[in-house]
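What follows is a pair of complexes built around chain A, which joins chain B in one and chain C in the other.
Our next item is the complex of A and B:
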């Protein structure tokens, strides 16, 4: 036990941790190690890159669809009666395809990775002569036509008349509150709950409820909100430190996380994790994405054409990738690749591809017809 | 003076009685009774010191007071009759007013140094006081009949006075087979009669006992004997040899909704979700516990008083289930579960073992293979919809007025909690300050 905690505190935290990996980390005392949190580069604008179609398809493919994960028991307020049915083969496939499609549409709604929004301060008019009449600030919202609540924050005009008599555009915080009152988003509160405070957030993370917290954050904040960026970064760093990428695989947050890691040049851990799980095709896609993000042309540069997924191309790609990394990491990666070659690389690739084809075949099935 | 006249014509006993009086009589009236002394001096006093008290035993004496005739007993006069009093209470041989030392009776014969203890005398003041207190205590407490001891609510059965619903332990071992982990419940103990030609009405007792290990094995039996406890044990051992296997889905509920009918008793069983619990008749709750079913809803209809038909109906329903695997094999289709808790993802519970799966639905099969009504001949157990109160249904004006009045306050308790979390709820002092009415300036 080489950590700095006292015995009682150690036991308390150990019991709280539900994942084996974090427990091991605690035992090793790694939580006090020199983990350097990734730094987001300022020179790249991530949003247009993220929204590119090629990038999105890669992120979809990496995430995959895991029906076993979606079928895990989720506690509801009232336990609803399960329905039993006897169905023939074709009908079962249709039903499965239905849930595959639903799952994919959920995954496609991944929160975009954006820069933090800028503060607005624009004075429209100054009338100090009406100041004696003004007792409070007056806030005006354009409620002329209903827009979708997701878009409302961007479209609507919100204007404030000060007690000093100046007419100005509302600050971002004022906008948020005003628009939530006029066009309420379901599940969002005007004053954010104390759940998002760092101490409470840490408690939830210790129980490995990453996707649950991320879903909550997505409801409460817009993706360009500075608070959103802070919390998501905290969670992604937490996962990176513990190498628990598998907890998010199959959810809509996996793509965002992979993009963030690649943007901050911390893709190595994820690549290693994929190699460990024998997801060769995913590794090839992910490295392609990484090279695209950090190519000199930036968002203008196009994605390299997908090479054929075979042994030769994999070795070539890994060789190129290995040139950039150095030292201890390089040795580790080389060792992994060697062990994969011994295990029979072509068979693994074939298995990965068949897995993807299965998902694609389900997504192509027509679900409306019996 | 009456007592003088009595003195002349008195029997010898009464004379003996009167002779005592002057010596203990009150001195205040000595002047008035002085002429009596002259008479007393000349009468010859005969006294024979015996009474029937010495001749008759105490049991016989008490019998005169406490006994009730046979006719009286029939009419319930034993209730009102006096009870026997222990007159020797608190007394002990060897201990008395004079706290005498009697070696061998209340002290040791020898001391430690092997010297004989001599009988000594000393007064014991405490003796009389304790004796009095014992007698007083007896007088103060109300003499009542024997009270029935009520068993602990956890140990007793359906009823505190009867044995029904209590556990009888595990059945007796048969050869080398022991019933470890089994428990039994006496469901019904009853007095039954048979009228014979020679003896008339002959009573016997009948017992219905169910046994089970709480893990799929259960059984029941009926037995008769002259004594109720003997009948219960007889039935318990019999039930141990008539065990049945009860199929369960994931060890907590049944596979599908079923029904069973025995004579006039109808039983409808519904499968429920994990954590629902057993909702049933008290007897069937016990049967579910013994057979290991944790979540079920059972409704009884028709004759709900006959416990034998009830138990047979229960076991009929439980043993005639079709498992999902059997259903899949029979129909050549997959058995699939949908639930909102699992995001409505189709979870395949069973598929045909031989691998020959039916391609598609044929004809009207789609309607038939709804598992809720498949085993109840297309019928569902009808439940009466819950009725809202009259004032709500007919929208009484008084009710509407009340709702309008409460409109502002409704849901404020929850909202207050949220405000407190966000730090928006004013503190107590702040609220008091706010509520103070500002004084009007004159």
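Our next item is the complex of A and C:
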């Protein structure tokens, strides 16, 4: 074992890992040379693609809702006394529907996949006669946004008067700092903590705390911050290397990860994972999404309509998909599909659809709270 | 309703913070009220001391400032200066006066340091000349006057030129040291 975990920590992580591939990697010790990190293409603009309704519904469906996992992932507070109640069936359904709706609203707050923001800094005035008075830069922020209706961070005015006497709009870093001083976000620090340094991040990732780290990153940085992109890319690559997709399934980060992998043409591992776990309906949706992202028309092209989820359409989609794969992978995928067909594809599809219908029924139920 | 007869609204800085650590809130109050208490509305804040990144931070609610300006409240000079530096108002003439004052103080400092440096140099050269005369007293007397002049004049010009370059270096060093040491804006 060439990893630097203690025996107890090793056992803990081993138990947490969700697939054989990652367990093997942990036992062997990870080989750096075999893994090629994915490369984000620069010609497609991901943000408008991501925010389309069709894409968002697909990502919602793929993520699903897993109440047990979210209950486990909550930060540890003081243990509460368990509340026991006797409740009629209707009431029980309503309570379950509440929790489902809450979960879905959390999942829909997924961090969008965007490009890094650009530096905007332009000169407004030049007064070198004031320069002797300015011993330090003066960072000015307009706090009138408290009294106005528009609340976007981009509209807030942040301006700096230099020691030379030039008045200019602030750089992005200065803007972030000033906005955090005047309109603080809970959980965000002005100077980034040492949690996000590579060594400490790696420590957390080794203990399989992917969604915990991702949540912290979402709190600290905006989605178009270059640091945010760097850290999320690192985490997604780490997960991709170990094929640990199930750790994020049910959280709000699954959709962004799926989108990222599809962009970088690395969706094959995720498709395999889904086939292994017999989530056929998810596979069909995901391949549809993948084709949409890489279609020639880009964001103008519409998603192909969701044809009925049955054996014929599944074979059709898989055929279209496997035209692009070559070599070993193709054999692997064909084997998987054959085994699934033997096991009884229509029943599996029925099961998946019934799951989805259950979730939909809970979400549509009328409750007082949501 | 006015709290006392002849009351006027004023926008000014209220000093909070601690000893040797000022922090100002920019505030609307009635003019006779105590500096820090009984404020009508807070419009912003100003931190005069530089933070970790070397900046002074100022935040103002420009909408409300505009509202109070329209309704004729008095603005004190420091607040107007800040607004001018920020660019919302034109630059206050007092900032230009301050700038001039600071440049004048800097020049006086430079002058003083220059004179001090020259004095020190003179003392050193005097010492050197004395030592040389002590050592080679007989040789100087025996040689003719002409030979004495030329090398000494050459030395003097050389020393003057080197003096000028050394002076500039030494001056810049001492000025930076003086700037760092001074608490005021010199």
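Quick notes on this structure:
Keep in mind that, in the parts below, the second predicted complex is superposed on the first by the 329 of 370 C-alpha atoms of A that agree within 3 Å, B and C clash if a C-alpha of one lies under 4 Å from a C-alpha of the other, contacts with A are read in each partner's own complex, and residues count from 1 in each chain.
To be clear about the criterion, a contact is a pair of C-beta atoms (placed from the backbone, for glycine too) under 8 Å apart; a residue touches a chain by one contact, two chains touch by 3 or more.
Predicted model only: the values in this text are computed from it and were never measured.
Partners chain B and chain C fit side by side in the overlay (superposition on chain A). In the superposed model, A:88 makes contact with chain B only, not with chain C. Of the two partner chains placed around the shared chain by superposition, chain B and chain C are both touched by A:191. Residue contacts after overlaying the shared chain place A:39 against neither chain B nor chain C.
Once the two complexes are laid over each other on the shared chain, residue contacts for A:79 go to chain B alone; chain C is not touched.
Of the two partner chains placed around the shared chain by superposition, chain B is the only one that A:70 touches, whereas chain C remains out of contact.
In the superposed pair of complexes, A:96 makes contact with chain B only, with no contact to chain C. Minimum C-alpha separation, chain B to chain C, in the superposed model: 7 Å.
Overlap of the chain B and chain C interfaces on chain A comprises residues 191.
The touching residues of chain B, counted against chain A in their complex, run 256, 272-276, 324, 327-328, 331-349, 357-361, 369-372, 418, 421-422, 424.
Chain C contributes residues 44, 50, 52-64, 85-87, 91, 95-96, 98-99, 102-103, 106, 185 to its touches with chain A in the complex. By the touch criterion given at the top, residues 124-125, 127, 129-144, 146-148, 157, 159-161, 167, 174, 177-178, 181-182, 191 of chain A touch chain C in their complex.
Interface residues of chain A, counted against chain B in their complex, comprise 67, 70-76, 79-92, 95-96, 99, 189, 191, 193-194, 370.
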